[in-house]
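Both complexes below contain chain A, partnered by chain B and then by chain C.
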Partner chain A sequence: MMNKKILGMIGAALCCSFALSGCGSEKGQENTGGKTQISWTAWLGAPVNENADMIKYWNDLLDVDIDVWNIEAANYSETIALKIAGGEIPDVLYIPTMASYTKYAKDGILAEFTDEQVKEYAPKMYETYKKTDENALSYRKVDGKLYGLPALTTKYRRPMAYRGDWMENLGETKLPETLDEFETLMYKSAKNDPDGDGTKNTYGLSAGGVYAVYGAYGIVPEFWMENENGELVFGGVQPKMKEALALLRKWYSDGVLDPEFIVSEKQSASSNMSTPFVNGKIGFTANGEDWHFKPKFDNSNEAVDWEGDNVKELRKIDSHAADSIRLGLPVKGPHGDCGLGSSSVIGTKSATVSFSTKLQNDEKKLKKIFEVLETIGFTSYDNLLTAKNGIKGVHWDFNEKNQIVYLDEKYQQYTERAKIGAHTVMTTLASLEWNNEGKENEVEWRKETKADYGAIENKLKTVLESEGVYGVELEKLRSEAYISIITGSKDLDYFDEFVRKWNTSGGEQLTKEANEWYKGIK
Partner chain B sequence: MKIKKTPGETVFNFLNVIFMILFCCAAIYPFLYLAARSLSSADANFSQITIIPQGFSWENYVRVFKNADIGVGFKNAILRTVVGTTVNVVFSILAAYPLSKKYYPNRSFWTGIIVFTMFFSGGMIPGYLLVKRLGLLNTMWAMILPGAINTYNMIIMRNFFMSLPDALEEAAKIDGAGDFRVLVSIMLPMSKPIIATIALWSMVGHWNAWFDCLIYITDPSKQVLQVIMRRIVLEGTSQMLNPNASEFTDMIVNPENIKASTIIVATLPIVMVYPFLQKYFVKGVLVGSLKG
Partner chain C sequence: MQASTEHKKGFFYKSGLYRYKKYGALSLMLLPVIIYYLVFHYASMYGAVIAFKDYSFMKGIIGSPWVGLANFRRMFMSDSFFEVFRNTLVISLYKLITGFPAPILFAILLNELNGGRFKKTVQTISYLPHFLSWVILGGMFMQLLSLGGPINIFLKKIGLDPVFFLGDVRYFRSVLVITSLWKSIGWSSIIYLAALTGIDPQLYEAARIDGAGKIKQIIHITLPSLIPVITIMFIFSVGSIINDDFDQIFNLYNEAVYSVGDVISTYNYRIGMINNEYEYSTAVGLFKNVIAIVLIFITNFTAKKFNDYGIW
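Presenting the complex of A and B:
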């Protein structure tokens, strides 16, 4: 008995002492030898070597001393949280998710700055943000204060990818433009043996394809959209969704919708490829992004170009089929709606770059960091190219077609570029304006396939306060409701009950918060 | 006399064997699949389930072994496993032996304190701070010292020592042996099964560990094989998705076949240790589980 008591006390004492030691202060890094020392974090494809070429290059050019923290990208969030808890906050803090950004901002570990400061310290960067979206910086405001700069990402819409060889076999030449035409093609794909093997083993569409149907009703179920009163509403509970589900329910019972639509078309999270599409089970998909279906361009900005994963994998099975893939446009629904989900240039999924709270009172250093960020990402194509690929003439060079050729073949792999401090190490924040530089074929392809046509973006560009509380539960409720309606295990009218449940289990609160936010940025 | 089996027993045995075979197949299939992939040529299509390599080639392995990181990782992993296992075994013995002696003062108190750590730990953050303040960051010791004694293994070893007859020690002492001589010359030779078992567990643990390396080691030249393998395998997966990859050429990654051969290369060495230690293993687990 006695032993146990002592034991418990010792245990408690140990716990306390550990907890207390966690609060110990860190000695700050001061400027040494005139060069501003900057500790730096980013998404790293591979750990950066000591004395990496590119870090040296920027250090010399910008008269700084950058120290990149090698934090594994796959476990970035937990590892950085550990370091922060241990009192180590990098000057330049890369934050991959909006949720942790908001949390850090509220925890007070980030330096606050103003729009004016951005404008003054980095005018070109400021201009780029303003050009991209008037509200670009406002999207990163937490309780009205700015703590971070959003990364810009290229916008990609879901594809409308058809198997051209199937369409040929079915005697169709025109890609569907309306939902009715689309329905006809889907039925034919399921019923008329498009692969010509004499057995009924095909379907029209699967988990990815249903988004084309939702889109024809103007809805992306996961996104927030603006209604006619200028308010934000959640796509998944709109009345039009009921119509879309009714149609899918019919397709399901007619054997047009793949019964496996409840699982993702991706075989693994790693893949950009739609497994049923490549395996010839379905003839249409809206899974992924359009570039997963891109052909190989012989005139890209890099000398070595690749086919999109779906094309590449399909080619292994059937080269003719791979060449026949056709990209269509979102189809028009009965109410004239037409669209398809797309990513946002600045969305909740884009990363944020913040600064250690130590810089709050070190304006000189903060200014220097802004200068570094601006010079690398926002001043010229040459700088950005250097930051991403290495030094021209040392790591790569242009060939006679003005394409990038790596002087050492290993640099084709992004991990090797990351090791020398190129790739994404310095370019979390970068302008998109030179993205199409030297990619004529791709730009042409995008124009031809009207890759941006009907793209629907999520109107909500922040993480709502109560999302952590209700988010998971509501998501479960929603997907279960959809599945049971489509598969017929519940009546169509269950949709109304689901909407009611959605609202009462937190949806109402989210809608309220979403609109508060929306008013704030308007 | 041979006991005749009842029909029920025959059926039971039959089903048992079938079940075991199915179970073994399920367990070994992922390995065979990976092995098949790792021996396939680059243009093989693996959307169907198979265990036969398509377009046999060693190309993937050649590329894996040409990867300088793998070499560095291998070296570090072997070093860590050898040093780590030695430390584990030596310290476990030195802790377990005294605790197994009935005449050791406050024996149950000390055992209690040690067992306490099995149920309560400081957690990751204090652990990180400790390692950092000890100046162990970026050294191999950060991966070895915090787990120098695995409590569970140590208790098992203590139980084994307790099962050895006290008379042996008495006899040795009468012949003039000191405590160390008793341990080294009498007890250890009799404890080979348990030492082999603990060593095997420790070896597998060290070989497969990656998380401690991930958080304590930032110097690429000191990372162990598992971390490097993991990086290669996760390339291009959603866990490694770069949220700000604005150009899709960034996503060019090692093909699945290379990933498969990397996994095989990282797994095979430790799998090959098993046959050598297996005979001790079964015995060790059994005897170690004696009374508490």
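Presenting the complex of A and C:
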């Protein structure tokens, strides 16, 4: 099926490439008013209107002529690949995945630039990157050369979310701090009828919750971590993992771990609501990120604040339960490890912004583009606010509490903001400096819940050369091994065999490449 | 008269080409379709050469370097290849065995119904699932078949142990076959129903006069009349054995049933997710198509041996 599509795509690309390139050049010649023309791509919440307010705003302010390519976000990767195959590369190319970025860089469709150029063209942006991570730009180097700027995303740890009303019914008041205490609570949640309906229909935890157990052994199975020798090793094959699996195996056979844990808790790929948690099947989850459990604050930066998905959905069923949700800390395991997986400010999951190879020899234009990117995302809170929400006084304004109020109610919808060229259209690259501006309550909440405590990040921040060859196979091997050990269809000692297989099926090669990369970064 | 013209025009006449000239206007109307196929189905086939190349956007299809059979070698060498290949064939075979005769039987049964309204209602209901996408059905079946779902509640009521249908290697393939049957039975029966309406009622009348009952009529009139359609549909079905139903499996499978449910297209999809490896997926696609065409030839040849119907 895939193949047919791709063949079709390539065929269509072949047929259309001449026609398209013809159109492109004509369009370019139409309005040359001395302004630098920049073709632009980004993640779009909705197609941007012709003559959109915000595009005009930035065009006038920065003396450029920005042409946003309306590519639907859901099909972005396919569509942009098709355009590139047809010879059309936007000046500012938004690349959502690290794998595509690496491929494009190797294929030679991206302009190469240096750290010094970033420093010279956009000093504030450069400074922000350096402040975030000394190696921020190095993470995007492919064969030692820089082709793209990484997007910055706030770091979020997995949550440790408990149903407070269940704990109350079970006579527990203290949130677990150690794995033993955690185990006791999980057993009670499964055995002692926490929902009080008289039937045994609850479990302690499910697919997301197992990460809390892995974390108590200091492991995130999908992540690379540093061992005591300063080398990168893959979390999923560490000896401690065997202990974690042994515990989960016991919980599974005792009916504490939801037998359906192999099916993701997520309602859908794009949702972060935990279905079993909201449906009252489990009393604990570590699914998603902590803000998916965020309460609604009266005093946020926007007049109308929102509730995290899980709280919102649970409220529809049981308002008391929604208010009772408690966030705990990662629990301490038998070896003193304590942690939980977390996203990275700059990781392999963050997007990249690159530039067409046509700009390689057009330093003037490249410089201008850097200026645009820096002005919008890195110079001031006002600019960023404008880029995200629209023009103050036209689309929104502050109320007496200094909160954002949209002057037309429709702009509360991000799709409406995207249509005028705000929302994410211009802000793929933006400093995180002003993220907490006006969100004192939320900052306080995150501090109170120690939302960053014990966060384990993936130490590997690049796509390895052989990942495309071995990645899927190894992932399959790993998930099958874990499931068969936990459900008891294979002995616990199968873990050792799995580690051997993992190493010989490409894991060794990946480890070697990971360490080569790691040395280069250090 | 005709014989003499044939003699005169020789090859041009024998090959039948003259008829295109004779019906010029009609031939012209055929032209757009031919052009459509040439441009969108044949010209684009050229892209399949990237299966033998190390494809790169910048160098294009022609400029990318040749790598011989490297992509195919990678496919055969990967640890999971034979597992997913076997799963594809086994699941398709199960689906063929159940899914092929079922619509024929269904069409014959429907045909025997007399009541106009009842027949129409049954027909419409049986078509409906065809129009639902697997994304929706996947969610539906996950609920229905989950441990707390209605089917397991029923099993518990009659004193049986609950079964985790979608997470148990023993049941997963059956779930695939049954759900696919349920979804497609009505829709696939349409072609047979159409063929059934073409049977001359006089045949039935004559059979009745000779004292043939319903069953005899079905065996000696209905089924033989359907043989041409059945043959052609069978050739198509065999040809598509290698094509798994990506949408269905992708929406129903999970890691616990990889060993019985992971098929070529889902495996390939996961590879595509990590890397945009067009050349590799093209190689897999080409391999599948070669198998499909060989299967079609074999079935067509065999079918023609036994009766006179075939695709060509």
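We take it that the second predicted complex is superposed on the first by the 491 of 522 C-alpha atoms of A that agree within 3 Å, B and C clash if a C-alpha of one lies under 4 Å from a C-alpha of the other, contacts with A are read in each partner's own complex, and residues count from 1 in each chain.
The rule is simple: a residue touches a chain if its C-beta (ideal position, glycine included) is under 8 Å from a C-beta of that chain, and two chains touch if they have at least 3 such contacts.
Quick caveat: nothing in here was measured; it's all calculated off a predicted structure.
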Looking at the overlay, does A:85 come into contact with chain B only (first), chain C only (second), both, or neither?
both
With both complexes overlaid on chain A, does A:306 touch chain B (first), chain C (second), both or neither?
first
Of chain B and chain C, the partner touching more residues of chain A is B
Does chain B (first) or chain C (second) touch A:49, or do both, or does neither?
first
Which partner does A:73 contact after superposing on A: first (chain B), second (chain C), both, neither?
first
Pick one for A:462: touches chain B only (first), chain C only (second), both, or neither.
neither
Chain B versus chain C as contact partner of A:414, first or second or both or neither
first
So in the superposed three-chain picture, is A:375 touching just chain B, just chain C, both, or none of them (first/second/both/neither)?
neither
Check the residue A:316 against both partner chains and state whether it touches chain B (first), chain C (second), both, or neither.
first
Who does A:103 touch here: chain B (first), chain C (second), both, or neither?
second
Chain B/chain C common contact set on chain A:
3-4, 6-7, 10-11, 14-15, 85
Write out the stretch or stretches of chain A touching chain B in their complex.
3-4, 6-7, 10-11, 14-15, 18-19, 21-22, 24, 43, 45-50, 69-75, 79, 82-83, 85-86, 96, 151-154, 267-270, 272, 275, 278-279, 291, 294, 300, 302, 305-306, 313, 316-317, 349-351, 412-415, 419, 423-424, 428, 430, 432, 435
Considering the complex alone, what residue numbers of chain A touch chain C?
1-4, 6-8, 10-12, 14-15, 77, 81, 84-85, 99-100, 103-104, 106-109, 201, 259-260, 262-264, 281, 357, 467-469, 471-473, 475-477, 479-480, 483, 487, 505
Which stretch or stretches of chain C touch chain A in the complex?
39-40, 43-48, 50, 56-59, 61, 74, 78-80, 142, 146-148, 164, 166-167, 243, 246, 254-256, 258-259, 262, 265, 267-272, 274-278, 281-282, 284-286, 288
Residue numbers on chain B that touch chain A, as the complex places them
43-45, 47-48, 69, 108-109, 112-113, 116, 120, 122-126, 128-130, 132-133, 211, 214-215, 218-220, 223, 227, 230-231, 234-240, 242-254
